[in-house]
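First chain written, first letter: the chains are A, B, C, D, E and F, and each begins at residue 1.
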Amino acid sequence: MEEPITHLAYALDTFYFLISGALVMWMAAGFAMLEAGLVRAKNTAEILTKNVALFSIACIMYMLIGYGIMYPTGGNGVIPSINWSFMFGGDHEVAAVLSSEGATYYSGMADFFFQVVFVATAMSIVSGAVAERMKLWAFLAFAVIMTGFIYPVQGYWKWGGGWLDSIGFNDFAGSGIVHLCGASAALAGVLLLGARKGKYGKDGSINAIPGSNLPLATLGTFILWLGWFGFNGGSELKISDIGEANAVAAVFVNTNMAAAGGLVLALATARMLFGKADLTMALNGALAGLVAITAEPLTPSPIAASLIGGLGGVLVVFAIITIDKLRVDDPVGAISVHGVVGMWGLIAVPLTNSDATFLAQFIGLFSILAWVFATSLLVWFLIKLAMGLRVSEEEEYEGVDIGECGLEAYPEFVGSGK
Amino acid sequence: MEEPITHLAYALDTFYFLISGALVMWMAAGFAMLEAGLVRAKNTAEILTKNVALFSIACIMYMLIGYGIMYPTGGNGVIPSINWSFMFGGDHEVAAVLSSEGATYYSGMADFFFQVVFVATAMSIVSGAVAERMKLWAFLAFAVIMTGFIYPVQGYWKWGGGWLDSIGFNDFAGSGIVHLCGASAALAGVLLLGARKGKYGKDGSINAIPGSNLPLATLGTFILWLGWFGFNGGSELKISDIGEANAVAAVFVNTNMAAAGGLVLALATARMLFGKADLTMALNGALAGLVAITAEPLTPSPIAASLIGGLGGVLVVFAIITIDKLRVDDPVGAISVHGVVGMWGLIAVPLTNSDATFLAQFIGLFSILAWVFATSLLVWFLIKLAMGLRVSEEEEYEGVDIGECGLEAYPEFVGSGK
Amino acid sequence: MEEPITHLAYALDTFYFLISGALVMWMAAGFAMLEAGLVRAKNTAEILTKNVALFSIACIMYMLIGYGIMYPTGGNGVIPSINWSFMFGGDHEVAAVLSSEGATYYSGMADFFFQVVFVATAMSIVSGAVAERMKLWAFLAFAVIMTGFIYPVQGYWKWGGGWLDSIGFNDFAGSGIVHLCGASAALAGVLLLGARKGKYGKDGSINAIPGSNLPLATLGTFILWLGWFGFNGGSELKISDIGEANAVAAVFVNTNMAAAGGLVLALATARMLFGKADLTMALNGALAGLVAITAEPLTPSPIAASLIGGLGGVLVVFAIITIDKLRVDDPVGAISVHGVVGMWGLIAVPLTNSDATFLAQFIGLFSILAWVFATSLLVWFLIKLAMGLRVSEEEEYEGVDIGECGLEAYPEFVGSGK
Amino acid sequence: MKLVTAIIKPFKLDDVREALADIGVSGITVIEVKGFGRQKGHTELYRGAEYVVDFLPKIKVEIAVDDSLVEQVIEAVTNAARTGKIGDGKIFVFDVGQVIRIRTGETGPDAL
Amino acid sequence: MKLVTAIIKPFKLDDVREALADIGVSGITVIEVKGFGRQKGHTELYRGAEYVVDFLPKIKVEIAVDDSLVEQVIEAVTNAARTGKIGDGKIFVFDVGQVIRIRTGETGPDAL
Amino acid sequence: MKLVTAIIKPFKLDDVREALADIGVSGITVIEVKGFGRQKGHTELYRGAEYVVDFLPKIKVEIAVDDSLVEQVIEAVTNAARTGKIGDGKIFVFDVGQVIRIRTGETGPDAL
């Protein structure tokens, strides 16, 4: 290609990456609002603190070490060798790009920016599931290990060119590597942590603990929906020719259709089961649709995408009820949305993508689940030994905001939270 | 043009379309927040549910049938012939693009993505006007017909190359086709539905029913303002050469200036009329400015754009008061903002665009109004017969959240909503 | 360069500018939410009104006169000669662009759009500092002068090619020209205005006045963080070749790292000083990191950017405490975040950019501070004479919402605000 | 002097206030409360889990009046607040030992 | 007739309500209040400035009962609300002059 | 024993609390209420429609004290809460039949 064209194409692809990354970064706000809306008022400031802090920690840890683990200079496909150079900067030389014949076609810095917001997404999933009872500093300690080590290793297996990539495992934008990963870490945490006081009665009853601010939860869902166009759309990795532009456009359309399908069917399912249009289920349905399509947003037709997402929406309603019956207390439904539906997303790939096999998908699914769950369980356990995972019973009654943050999220509004 | 240039230009235009579409999609969040902020706390979860569900329904119906109606393979200019193929996917072949001599210059999928979010916008307008008293499922039933049929037909008349296009009707981004359309459907609904209990006293008094959460309403307005850059900016349809880039930039500037003008003059008007700086009027003013400029955001100079928007801002204050006096109860001012000011936008086009005529603008205005109002009235009426439009008086007092959604938007905050 | 390439590059740079501008416009929503979250409920509607109105006034004043002052047709480097033409529109001719040899490479309208949102940002900084006690119309009167005159003059000194530019002062995206500028105007206002009733006890005690809605404040911070990618990223001014694309990408990465660093270290500092994880300090820390990196987001490595931002985060905590001890009452910490840390940002430039000198940085810092502080003090003083700056004591107790806006932000929620 | 307190349905507040104004009551104090009684709350499902809303929002109205007005006040409130459906609420009457108007220090009936 | 009012810790409300139901009390009214007493609030730091939370959230429960039930009610509430830690709250008992059920106009014990 | 209840302007709460502490009152209970009285609310315009804010925010303070302290309490509250402007509020005094401290079961004056 001619030189000026290469320049322009590089610029366009870099810009597309940066905008996609900015959209994914925005998802951090989405998780924060969603979770703040679904917890009780007395625990809101703390969940916000967790969300802003985990995002920042993810950025720092991934810069220091995670990115180097995930895209190493070497490695045997399972164990990567770390590349420490990123933090000191540098990007592709102009001459190197021009002579690369199109192999190097966008900025390395832009690549990091896009990748780092994915790590934060995975970690955001965890905060919701352990909300309202986990110690702030214990959570942040876990975030350090998760974003610096646990996530990058399995990321390396697939996106870094490791063994999962070699066996033909398909995961376009991360139903497995991001969402199932986050949910597996969350599950491990919840199992060690236990349920919120009052969630399950001695008599076997399951109590509802309504979220305190549904407009926030809805806003969070819309933010995530918007951000997902960057998440999936950017994962095509290139837009600068006709074929790639068509592909990115198809990803946008399918991402949107899956969310719509998930929302409508979750709403209908909740209506059928409970007799009411449970808004929180509708919101979880949209997210489920998004998670479901994330493993393969390119090959389905729009109608197929609606159905893949729609099934995610149905699934998530049943998953939430079932997990609750198993007395695994997940205040925001993160394990259902990202874990159960993340699996569905991985398994659905071969339905529309003939390059994928169910076998490879299952291997990928189980290896991600096993790796993340096992390492997370260990890390949670060590943190528990070192500093404890759970706030005191009194602090839980009073709300973690006062105990952990020394302030209230809505100091003038709520009288006596029960 | 040379092949690599064509590739790049196609990619850039497609990307521009996708980003514009994403911004318009974000407007769905804006409507949701605006409406949630302007209703009472007890009706908030339901309006949120309506907003997320209508967006999803719009996407699905437009994919299944609406897009095929609006951009048909044939038709006589008034009645389109439906094209069912979109849902099965497919996009322009590379070879076809290259040989089209610039006629095909962006992805078909991107076109759908941009179009579909417009339908949702039109439908979002309706939800605000009928808020706090209309049954959820009746509303969603209407959404199915509106987005699958009523909107696409009049869209076909202009943007699909139908008769309104032939007579020289001008509507750049949809002051008429989107905003007036939405407002006409809303008006028909409100007329059949009646006012909220307590809004108009037996003695002729008009009571205020303050919105419960003005930060949310303000956020919603900012979201809409931001999204409008996609709405109007994307409607230039092309950015990949100097002239087009300048045009898109002018549209951005004028869109912004019109909103600013609308806000300032609405605020000043409210201050003059009521003695206070009514924030809700200021917000409606900004939206009025945006609606006013939407029919022609390209030809005005920045100062002219400020004035067109500013007049929209003045107009909307008087429209809201007048409509209220007529006992047409519109909790969020949607009919004034999108209907009355939408008409002003259409009529203002010939002031700065010499290609437009007042005659064509009026014909367009009345035919959109007539078509949408008449069909909507019929559909609302049929829904009323089939399932009723309005919740019971008791449910209205208690709030529709409990009755329709089985939950409360702010369960811990509000004691006894009146 | 060949003609089609020039067309495309112009289009890409223009698009990049427009998207960057849209992101900065979005920061207006961020400031509005941040400030609404940090004031008491009874003053929330008024601060929202100020925020939407100041943005609109900034757009109008900058269109009418400010842009012409800042980018004049002539001037002696200190006093600009005004250029009144912008408001009447017009953009670069295609032929002129093609023959400019790359000197004219993006739309003039896009340039205005990007610039205008910066003015609004500077003005937004002021509203937070004077919140809860300043009269609405006095504030808006100041906004007219600030955005039409005070800001543009010092903007001209650097970005308009005036004397600060000549002496080698470096301020990439405006740690000084935007943030320190806003903070200086705020400081002048606060000094004339005095503290909120009840903030400082007669006995010398400093009382906390907790913000009413921390989810809003957190949302505002996330919005600002996102918008800052446009703020700094767009200030590279060009993206259309490999070198520029790399530069923009580096700016994105560094902007993000600085925010992350600021947040983490502010949180840790607050934890160490107060024993609790003060969320509001963490949020201020993220903003401090962003302000700190704004003067030079290109030359630092990612790790250096984290440290520059991180130091900003530490600094802001001490600055807030110190300024509070000096009895300068700044409800949202704007003077600390934008002023104190803005200075740190300017001073930090030579640490990583060898083209910058400490001398030039200090000259720039002091001349911006002096100019803005002095002129602002004068303007505030004249407004005080003309209409008074402060609401009555009674209105302050009752909340300015009722007195100024005639409505309440949360009419159903708060019983008796103290 | 007596304090008449009435627990009523929230949407009846305006009617009650008007009825009291009609008989010349010049002041009332109103409190948001939650009531539990014969009128049962509803069982809802939130995310599939049961959610019993036991406590219903009610308004408590307190009216201090001279002994001579008590019957009239009771009648006015009863008529204005009655819907005939369960949960209309109760009226409790208490003796007030002393009344003081803070502004003036007046006591007794004059303080009302 | 008597009105028993109890100031309790918020999280004890469900226990108190159940204890009252067990002894046959058919209605209660609940109010969110803030209490100040021996149980001290905490001094917090918000943005470096001191922030004294003097008033602690409490729940006030009002139970109108026949004189004969008063002792039982007091006992039920005391047992259910006690944690043994400071701040458990108080019970105050008042005489009620009259009770009326708005719905029916019934008075006296029948109105409860 | 007596229960002194005072309806006051919200921003006077801190002064009242301090005045009570000064005379040795060790506990109070505070409730947010809305008051309607001689002090009229304002008529506002919201979106052009009239909006009467009848009910003004007030704070109700409840202080249980021994009979001997009643006058002192009344004086302290009156002085601390008075602004001299309309709407300063009222004090009502009630007899308390019984007082129990939940934590210990103490009764009578000891329970305060």
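Structural remarks
Following the convention adopted for this analysis, a residue touches a chain if its C-beta (ideal position, glycine included) is under 8 Å from a C-beta of that chain, and two chains touch if they have at least 3 such contacts.
Please read all numbers here as calculations on a predicted model, not as lab measurements.
With contact taken as defined at the outset, subunit A and subunit D are each touched by B, E.
C-beta contact counts were set side by side for B-F and A-C; A-C has more.
Two copies of one chain, subunit E and subunit F, form a contact in which under half of the residue numbers belong to both partners. With centres defined as mean CA coordinates, subunit B is found 32 Å away from subunit A. Taking the mean of the C-alpha atoms as each chain's centre, subunit A and subunit F sit 52 Å apart. In subunit B, the residues that touch at least two other chains are 5, 8, 12, 19, 210, 213, 219, 274-276, 278, 280, 406-407, 410, 413, 415, 417. Residue positions 31-34, 44-46, 51, 58, 94-95 of subunit D are each in touch with at least two other chains.
Taken as a contact graph, with one node per protein chain and an edge wherever two chains touch, the assembly fits none of the named shapes, being neither a line, a ring, a star nor a complete graph. Annotation, chain-chain contacts: A-B, A-C, A-D, A-E, B-C, B-D, B-F, C-E, C-F, D-E, D-F, E-F (touch as defined at the top).
By the touch rule above, subunit C contacts subunit F in their complex via residues 397, 402, 406-407, 415-418. Interface residues of subunit E, counted against subunit F in their complex, comprise 2, 6-8, 31-38, 54-55, 58, 60, 74, 77-78, 81-95. On subunit A, the positions that touch subunit B within their shared complex are 1-2, 5, 8-9, 12, 16, 19, 23, 40-41, 210-215, 218-219, 221-223, 225-226, 229, 233, 239-246, 248-250, 252-253, 256-257, 259-261, 263-264, 267, 274-280, 282-283, 286, 300-303, 306, 410, 413-414, 417.
Listed in rising order, the residues of subunit D touching subunit B in the complex are 10-11, 13-14, 32-34, 42, 44-46, 51, 57-59. Residues of subunit E that touch subunit C in their complex: 44-51.
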